[in-house]
């Protein structure tokens, strides 16, 4: 299975062109668009989102990950290998959290280049063909070479006290793993102090609460409404734990 | 064929995770995302939308339907069987109109439970695996038991005089079947009295009209513009028939 | 491969119904949603967008193209044949630029009609079944007859000095091919004079530039931001070349 994690949007031309490349190079492999609206041009919140959601997929999954504001510059194209899953994309921190949480992590720099490489769409021209070949079983050593260096020391924290995603309902996903927040603690975001609750119907309509979502992240929601609108919170908003 | 009818959005993580479950459990079955933006958290307008669109699909289709504000609470997981089609989802009224318009309707309560069930994402953990098994031909009796009771007497009308959906063009779909509105009647919505017309080009650019859409619903549109913006109407707005 | 180019949106019911038709009529053919948000009801900007993106696909591709404000009126349903690719849709100018740029162009009028044809959704009822049959290899002569006439003399220019699309990042695609703009020229849009640059990181964060995008169009972008928001430009905004 190839899983797409990008900031491309689904409706415009980018996801479609990537799907066309995958379809031609690996027609027998299923492709799943997981996120097409990861935080645009922001590898840091995207890294925490990816780590939380990648965990849920089985070993052998190939993730094609493109949040790539430095495309065409000198950031390296890489494959991160973590607990039997492969992550193809730019070396800009996007895979830092996945690698850190993995018990068996390796980094590979992609050496393969396509016959024609645009300056602005490596997702289509470079990363998609590599993901297709890996999903078909081509060995990593044919496409990339091992590297132990990271391009930068980013010093990102283990858990990230910011909103990393607003979903279709207006729920606000944080970069904090629920397991790292005391079950009775309140979260503070957008100037509001928010209590925990187990499920939506445990609070009154219109009231805010936080809970551990189905992928393990602490998530801020409002029963019957949009937490983003009601609390005035957006991607990048700070979230602190109030014990 | 498995048809998705949800309020998940396509771009975020929910549809993708459901597609991943279906892909693993029923790789040979095609999945069609019909609605990913059914009225969020609103089973009532969603029920009229679902009934109008489900009608168009052939017998044997399995619908995976998740508009589920009560997830994790005590609403029952069910399968509605209606005229040879199966609808998997929560027992919150979402299937009431489909069942009422069917000549052969049965309700089943899902007894099967997955090894691991999140509190907030039964679409992924419970409904998708059930839909996959039904689409593959597993008998309903292995997953569910017959029930004749509805969880509540909701007293919803046969046709619903509200806007139930605003489409990508800004057209406003009502919960009224076109066949139940006199062909020469006007519809009143947002303080406007709207005449009927057969097609868009039958009225002047910028003018509003209503017509029977390709799935049988009375729909309010503006030639060359957005009815939602021009008329100031949204999901939940009242629609009355002016004879 | 069948490629979808429409103004339907992905989340609502239109793309899903078209996919269901294609799935039933040509289950073995892959379908790629390229654009579901082509300029709504605007064949002219859509025509330049389609020509730029269709070029990238291989011979044999069938494009199902629906930007069709005149649906149900007297515009003809056609198939445009251009350099070994087939384009199915309305004869409203949508294929003019593709045909003009092709060295081997033919126009066919669709004679086939479905048993049941709605007045408002020819994408589902007429164009999708035709696209499916063509993709499966049915000869054009069974479905359509040659025509050399265009329905109108639209006199559209070879390159179009307007914004034709705003993407998910807020980048503004113009109807100008990059090859037709001097490499050192500035573009003027929204009252701003915009210099060229090769890649995003060649300009300071927050600064605007134009570049030739990966499909050959001159595109206006802002490093780290939305050109649409920063420059106040939308689809339909004029773009001129300042030498």
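Residue numbering begins at 1 within each chain, and the chains themselves are lettered A, B and C in the order written.
Criterion: a contact is a pair of C-beta atoms (placed from the backbone, for glycine too) under 8 Å apart; a residue touches a chain by one contact, two chains touch by 3 or more.
Predicted model, so just to flag it, every value in this text is computed and none were measured.
Chains that touch both chain A and chain B are the following: C.
For the two copies, chain A and chain C, the CA superposition rotation is 120 degrees, given to the nearest 5. Taking each chain's centre as the average of its CA atoms, chain B and chain C sit 30 Å apart. Across the assembly, chain C contributes 9-10, 36-37 as residues in contact with two or more other chains. Note for the complex: chain A touches chain C at residues 7-17, 19-20, 23-24, 27, 36-37, 40-41, 69-73, 118-121, 124-125.
Within the complex, the chain A residues that touch chain B are 1, 3-4, 9-10, 30, 32-37, 53, 56-58, 165, 167-169, 198-201, 211, 213-215, 224.
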